[in-house]
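Per-chain numbering from 1; labels A, B, C and D assigned in written order.
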Amino acid sequence: MSLLNIKDISVNYGRLSALRNASLTLAKGDTLFVTGPNGAGKSTLLKAIAGVVAPKSGTICFADKNIGGRTPEDIARLGFSMVPEGRHVFGSLTIEENLRLGVGMRDDKDVAERELETIYSVFPMLKDRRYQTAGVLSGGQQQMLVIGRALMANPQLIAIDEPSLGLAPKVIDDVYAVLLKLRDTRGLTLLIVEQSSARATMTGGRMILLRGGEIVLEGDARELTKSDALKAAYFGYGEHH
Amino acid sequence: MKKLLTGVAGATIMMAALGTSVAKADDIIVGFATASSGFMQAYDKPAQDAAMIRIDEINKAGGLLGKQIKTVAADTKTDRAEGAKAGLEVIDKGASLVVVSCDYDFGSPAALAAEAAGKVSFFLCAESIKAGIQGVGPHSFSASVLAAVQGATMAEWAYNKKKARNFYRLLDTWTEYNKGICDGFDWMMPKLKDAKLVGQDTFKNEDTSIAAQITRIKSLPQQPDAIMLCSMMPGVVSAVKQIRAAGIKSMILNGSGVSGGYWLNATPDLSDFYVPDQGSVYGDDPNPAVNEFNKKYKAATGGDPSSQYVYPGYVMIDVWAKAVERAKTTDADAVVKELEKMKDEKTLFGPRTFTDKIHHQNRGRYLITEIKNGKPGVVDEWTISEPIPVEYLVKK
Amino acid sequence: MTALLQILFDALSLGSLYALGAIGIALIFGVMRLVNFAHGDYISFCVFALLWPSIDAAAIVFAGQLPAYLLIPIILATGACLSMLSEVLVFRRFRNANPATMMIASFALGFVIKYTLLMLFSSRPKSIDLWSELALPVEILDARIPLLQVITIIITVLILAALVAFLKRTRFGLEMRAAAENFTMARMLGVRANAVILLAFAISGMLAASIGLILVTQTGTVDIQMGSSVMLVAFIATVIGGLGSLPGAVVAGFLIGGISVLMQVILPLEVRPFRDAFVYGAVIVVLIWRPNGLFAPRSAKQRV
Amino acid sequence: MTKRPSIFLRTVSTPLILILVLACFLALAALVNSGPFNQVVIDAFVKVTLVVGLYVFIGNSGVISFGHIGFTCLGAYATAWLTIPPMMKKMALPGLPDLILETKLPFGIAIVLGGIFAAIFALIVGKILMRLSGIAASIATFAMLAVINTVYSNWERVTGATSSVVGIPIVRVVWPYFLAAAGAILIAHLYAISRSGLALRAARDEAIAASASGVDIGRERLIAFIISAFITGLAGALSAHSVGVVTPDTFYLNLTFICLSMLVVGGMNSLSGAVMGVVVLSVIIQVLRQFEKGVDFGGTVLAIPNGLQEITIGIVMVVILIARPSGLTRNTEIVWRRWPFKRVSATAGS
């Protein structure tokens, strides 16, 4: 059965339509890549799930609950972790404080401590600088921090908006290694927005392509990239003729 | 939007329809364009109550020129633009005397409206030279005594009766009234042989702390004999509290703005604090008639007079009614002529003099109230040796 | 030396009031981008809570009669309740409104509070004697400093310390700091928005109440206007400090207090009435020099 | 969008409709013909002028100004300097330059000069302040107001300090105020559809995009600042003649907030909002005041306690803002599109 079930959602910004009739389902342990050109509605899709923007129509179910109209904090507490575009670290908080925020919904102190150690073991750099303010970190380090912070909540589903943006290839590999490991060990579900399909081909999983606010293509990542359909759909070939 | 517009139109017509009313012909009408809400309300209301008492007395004694005095009122809301409207409104209702707010700044819009309509206007208790010919016109008067007289009175009295020689001047720049007190003090100082101004400073009424000003006083080689404190409510309480808290023991001289005992619980042990009063609200006035009036006031309003600013309201109706009787008409020019003939006209709260130069008191008898261990009591009476020249007051 | 010490204490005690006010405003601004112009009226309201409603000139002391250990918590609770009530009744309905709308709503709310007090208590300022034994001076290195000044400074330091401890050491504090920096992100991490905002209002209200208590003790006056001048300076301090930055608000509060006192000391008599023109002139200079404030948080975004 | 109204109607109908609304009040005043009611209408026209002036800057730039009442103060004192009889001036304000001391100008010229004086001041101050944006600009404008207020409250020989300046000829006929309000509406509209106005609104909505496409935001803001200073200065001059006295404290925080409230309640991004905010709130206030005096309902007089008017108006404002956070007009302009009135977006429509 599905963990996330999105049906026919549309999102408008004022009179501008950002997302039209998008539907998708994700089961526990799935990996889904969302690709598409700039302004295709990728981030809007994530924000709609997170409850930051309200869909004009359609329903979103997460963990068997209709989360339409719920607040972002409620959705987060259901086990949805979001890493939005643009690395929102809390610059004036220390790295450890940033991470601890991630366990907002956990009352059990010991679990929180254990989780913290897990994250530190994955990103040792964060542990070394745990008492520094997050604002001093480099872009790549901040990306690690926000992903670590999102994982602190031990979510069922993590949604990451462009994890590779601005990171060195080596770091990207590390980040993905962590995510995949968690998927395989804990059954973490991954929902990843990437502008390029390269990573999706490497990692495997399903893929959808958004363009102009609509899902224009859906299928297995490796198969899709092999065919020309992806490229054609990405750039909108075949429509302007 | 259409709904909005129709709604507005409907409401407007209703309000215009409500705005009109009729005045009866055979009454004499006194119009109060005073504040029944907002900041000035606390100052206008008591004086207006006192005025009502005098009106009642006159009506009971058969009225004025055989007619009853009726009153109409319009609220200025302690706002100048509303003040002008209130003035126009009471004139519209046929007022022959337009009574305006206690304070010159808030009363003048209504007074100017009265002046333009050729009506006599009286400020309830304004104490600026402008409340009269100088700031409104030839038909305008004030029922109180100039602030400058208070400052001059306190200086001369402290010099003669308390042997004060070294004075310090502390001015709260908030209002013209405060400056007026200090102007009178400044005028008197050179006339007092070997009296010396050892320092001066300013503050703002809203300053929460006057620590810097106090530090300046304390760094004087010798504490002054007297501090002339030209200030008013509410800042003055804070200033006094802080002055005494800093250990400054000099006597403090004030204007009538601090009259009344209602604020003394803020400073339970206050001593050597002197206030000029036109009459005593503490029940110890040398004139028993004043104490009688206080009882009447309590019967009418349910409370004792809060400060001496109650009294000018009574004085106002008193002198105006006398002038109307003498002129045998309420016609403005005739009444003004009679008022200007008054010289040391006796009233319950000291003599009143009006001339064609000044419609205000540039000299006046004051009771001196001393606050001792937090308790007020009348200790003396003083009239300045000569009136403050009109030219000096106008120039200030 | 003595004079200098005295000036220092003057500046610190005035700055304390401004700093307390500035934090109260910065806290709310941080979590919801609201410039709360009703804050000054919260101060007045708390002060009037000491009295029994009456339009007589003489004050009828009510809560003011209670012993300090009861009085202080009651007044603090009054401030907190009023502040939280205004959030629940008014500001909650403006979550997505633009800052100008919220600001005007807060002004309208202040208007309502002010005129309600005016109706209940009349406009005449009232006097009350609260802890006047604190007015006695103490000797510090030859300077005679009013005890109250010392206490004001100590209380401010204590309040600041408690606030820092709360923000740094507790879960709620952590969430509040995070929310102040990036509200949406904090919510996406599960931070309960309404709870955090309500708590911020409660603290802000208590800060208003403590300013009120200090002011009454200092001035002995209960007046409708008494909150507004502190509020105004505090608001400016918040901006100069860098909106959303609590340390900035505190430093700027002390800075403005210091400048005011300094101007009063050094300006010649004829120019002294113009003191505030110099203070506000300095404000403009600082803003031109540092448009985002002295301590703009890294993520500071201009939203008003 | 289906058929759009003609360009002509879209560009001129808004100010014409607004002026027509004001003309209704003018006609009503003539009809009622009572002194107090005239004064009510005059007061409303002065406020319309003032709030429209505020709109020119705030509405187009998106920067909340707390300082414009400073210009109102400048305008009011300027007309006082120019119209008080020289005899009185020499006594009350001896510090004025001789040229001004000897002059006595007619009302109509003096108020325009008052506006120009405020505009010149805005030009000088704006050069510095308009570099700022957002809340820093708001606070800087407030600091400007505080400086003006402090100077005017203490400069004895030129402004008479805190004391009321008297001797200003009182003008109690309604039509000059109507003309000024109508003129302000026209100027505001012309500015809004001018290149500068369009550029400024573009910058308000999309600052980065606008500056990327070559809009000099500082310069456009300065232009709006000067024009709005002229209008608010003019309103100040008018208010001086409507009451006959000026004091510095009239032109401070209270008025600032009242005018801002009227603008925001009406809808701060549209000219119609500025006008309707004043009209609607003024009417509500007048009706409430009538209730304070007591209203006769078939024999039973219903009166609300004094002071309840202010409380009610505060609550009404909060309720309006909750129901319509972007103001009564929802930030749109009233335009003529056959009956009934229809709205178009302020940004897209002009």
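Some observations on this one:
Here, contacts are C-beta pairs under 8 Å (C-beta built on N, C-alpha and C of every residue); 3 or more make two chains touch, one makes a residue touch a chain.
Predicted, not measured: the structure shown is a model, and the values here were computed from it.
Annotation of subunit C and subunit D: jointly contacted by B, touch as defined at the top. The central chain of the assembly on a C-alpha centroid basis is C. Once the centre of each chain is set as its mean CA position, subunit A and subunit B turn out to be 73 Å apart. Distance between chain centres (mean CA atoms), subunit B to subunit D: 34 Å. For the pair subunit A and subunit D, the distance between C-alpha centroids works out to 50 Å.
In subunit C, the residues that touch at least two other chains are 118, 273, 276. Counting partner chains per residue, subunit A has no residue touching two or more of them.
Touching of two or more other chains is recorded for residues 153-154, 307, 310 of subunit D.
Pairwise chain contacts present here: A-C, B-C, B-D, C-D [touch as defined]. Residues of subunit D touching subunit C in their complex: 64, 128-129, 131-136, 138-140, 142-144, 146-147, 150-151, 153-154, 253, 257, 260-261, 264-265, 268, 305, 307-308, 310-311, 313-315, 317-318, 321-322, 325-327. On subunit B, the positions that touch subunit D within their shared complex are 1-2, 4-5, 8-9, 11-16, 18-20, 36-38, 41, 74-75, 80-81, 83-86, 88-89, 91-92, 104-105, 108-109, 112-113, 116, 128, 130, 135-136, 173-176, 179, 394-395. On the side of subunit A, the complex with subunit C involves touching residues 50, 52, 71-73, 76-77, 82, 84, 88, 90-93, 97, 100-102, 104-105, 135, 149, 153.
Against subunit A, the residues of subunit C that register as touching in their complex are 174-175, 177-178, 181-182, 184-193, 297-299.
Residues 35, 37, 90, 93-94, 96-98, 100-101, 103-105, 107-109, 111-112, 115-116, 118-119, 228, 232, 235-236, 239-240, 243, 273-277, 280-281, 283-284, 287-288, 291-293, 302-304 of subunit C touch subunit D in their complex.
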